[in-house]
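There are structures below to look over.
Same chain, two partners: chain A is paired with chain B first, then with chain C.
Let's look at the complex of A and B:
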């Protein structure tokens, strides 16, 4: 998994690629928590290049979401590939996370 | 006999030879140190102290390349002040291309810098933090079989202004040994770590098994429930349980904890204890999941549980079902296989939620097949996953077989032959035997 944090109109975008699994999610967690500890109001997670996510990866975002909700921040996922979207739909996680097609929709809504 | 003419050897030449012999001795000593210990920290200090003496330098250091952060971090620094390593370890990291060490790491080329002040690549950060003044240095990339390991530096020759080309060659020869030593020590450390992890996972797996029902078969009235659970080496945290919550009812629970390993096994043990406590004397699947959801909302690190809870009337075959983010179950009835994606809520432990209850009724010969995602996420050697649809198709083709669950497990095992099982596999079958 590769993690890149870029700026989009003043918001932090975490651009991910590769597999988010039990091996890579601790690294992702560290990066997310650094941002959440700073109480960033908006965090966008770009999934376009993610090839696989397992339950450890999802738990990392659940922890991030809970952390951001505690201070009124918003965590938004965007560009989720079809195969990964099936996992989100299957497990009703689409009701837990704010999910958008592209960065503009995620930023503006 | 005439005397042989005396050979006059210039003193400089002799001193040079002596120095080279001394250096070779030092290289051999370093080699001996390297093969004498696998204790990484001890080894690095011994080797670098030797290097500092041989090179007659004021200080030397090793920066290791962190593949996760893609940065160089100080591992050892040897100079007059003992506290230097601690200061550098805590306060200084270099990105690829940053400072002289970063340049050497990026270009994988050694560098002799006669005067750092005249070199724009030099970063003053380490000097600022430690109070040391670097004048001249040699920096050498440490490269192993798997690529860049780090950078070794030797700083300020004591008896001259800058290091020579010969010093550079000597330090490179030392660094080749250092690279091998680091790689060997890392491999040794990793193999100890692997063994420790394997033992911990074995305990976790035994712990997980000890919390499952003693018998995988449960019979009450017209309901017959059976389960198969195969734990992955990494322990996936799958759960199943059978209980009699109230007189005349059978409760069937299946779940999957997020994550793997020791934490998943411990969490599974907590959940199954909570479930047994909550479900006792409660005749509502939704109430049980709601309460479990509240308890699990305090879970550490975003951990959650997908689950299905069914309460069956053992006389009438009426079922009440609540689902929390778990994969659909299969209902074999009227000669067909139905994929039951019933109204449900997200996994437990994430958000406050009222889970819905769905009612259905079983007829004679009906079967329900409940499974965890380890069944359909099994991978083959080509990296393809077997997929939910494949499992449904297999069940459709073999729906009348008595040993259907066992056949599905064999089908999954055949598909992923030669691969280590990545996740637990759990299947629970509910059979209704009344006519």
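Let's look at the complex of A and C:
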């Protein structure tokens, strides 16, 4: 998995690529927690280039969302590929996370 | 058909008795394969070989193209991390709560933080319908709940391959059907390769994409459910139509056996 953090109109966008699995989730968690500890108001996660996510990856985002909700921050997921979306749907997390098709929709809503 | 597992010329013995007689078979990727057969046909022995618990007398077992029969323990452990097994009795550790049982493989094999592990455990328990039972001990669960807890633990590391040994054994028909539905969900959502050893016909017809039938240590059928239904093999017909075995020996032979000749 690769992680890149870029700026989009003043918001932090975490651009992910590759597999988010038991080996890479701790690295992702560390990066997310660094931002959440700074109480960033908005965090966008770009999934477009993610090829696989396992339950440790999903749990990492659940932890991230819980952390952001504690101070009123918003975590938004975007560009989730179909196969990964199925897992979000199945676990009912599609109703918990804010999920958008592209970065403009995620930023503007 | 993409193969998840390939068994080539497998021969195995318990003492002098030959249990699997030079069998070869393939298990397709991303499908549910049922290994079917009567009691004592060798299906549980085959399962123990597929998960690397037993070494065969001869033959190869290729998992993702690698022969597990010649692997050293460390290499086999790596393969096993990508497998989940639901044993017949669920094999939960009685001194641990349900949540600790499910967390055990994650704690053993990953460096995830405890907070992440706890979320994963709750996700797995919810998947098998055991939300809220985190702090129960196995002795406080029914048979069906134990199986589901065992399945949550088998799923803990998100395996590519999951094995079920007689999942319906000892369960009432409604609970057994619920477990079958869960098996189908795992295949459809997580694209897992699932191998189920059973002799329960209703379960076979509900979950199988592919069937392998063993009889007295030989593979007598491998194919789809429709092909199984259409088979005119007398042993398969007996099994499907639930006809009992005929007497296998004469009264004279029986006398010789019990007289010790």
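In the analysis below, the second predicted complex is superposed on the first by the 109 of 109 C-alpha atoms of A that agree within 3 Å, B and C clash if a C-alpha of one lies under 4 Å from a C-alpha of the other, contacts with A are read in each partner's own complex, and residues count from 1 in each chain.
Everything below uses one rule, namely that a contact is a pair of C-beta atoms (placed from the backbone, for glycine too) under 8 Å apart; a residue touches a chain by one contact, two chains touch by 3 or more.
None of the values given here were measured: they were computed from a predicted structure.
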Contacts of A:40 with chain B and chain C, given as first, second, both or neither: neither
Touching partner for A:11 - first (chain B), second (chain C), both, neither: neither
Partner chain(s) touched by A:56 [first = chain B, second = chain C, both, neither]: both
Which superposed partner A:64 touches (first chain B, second chain C, both, neither): first
Which superposed partner A:90 touches (first chain B, second chain C, both, neither): both
First, second, both or neither for A:22, with chain B first and chain C second: both
Contact residues of chain A, present in both the chain B and the chain C interface: 22, 29, 55-56, 58-60, 62-63, 90-91
Complex contacts: residues of chain C adjacent to chain A: 106, 109-113, 115-117, 119-120, 123-124, 126-127, 157-158, 185, 189-191
Contact footprint of chain A on chain B as seen in their complex: 68, 234, 256-261, 301-304, 306, 324-328, 344-347, 350-351, 373
Chain C-touching residues of chain A, taken from the complex the two chains share: 21-23, 25-26, 29, 54-56, 58-60, 62-63, 83, 86-87, 90-91
Parts of chain A lying in touch with chain B, wherever the complex brings them together: 22, 27, 29, 55-56, 58-66, 90-93, 95-96
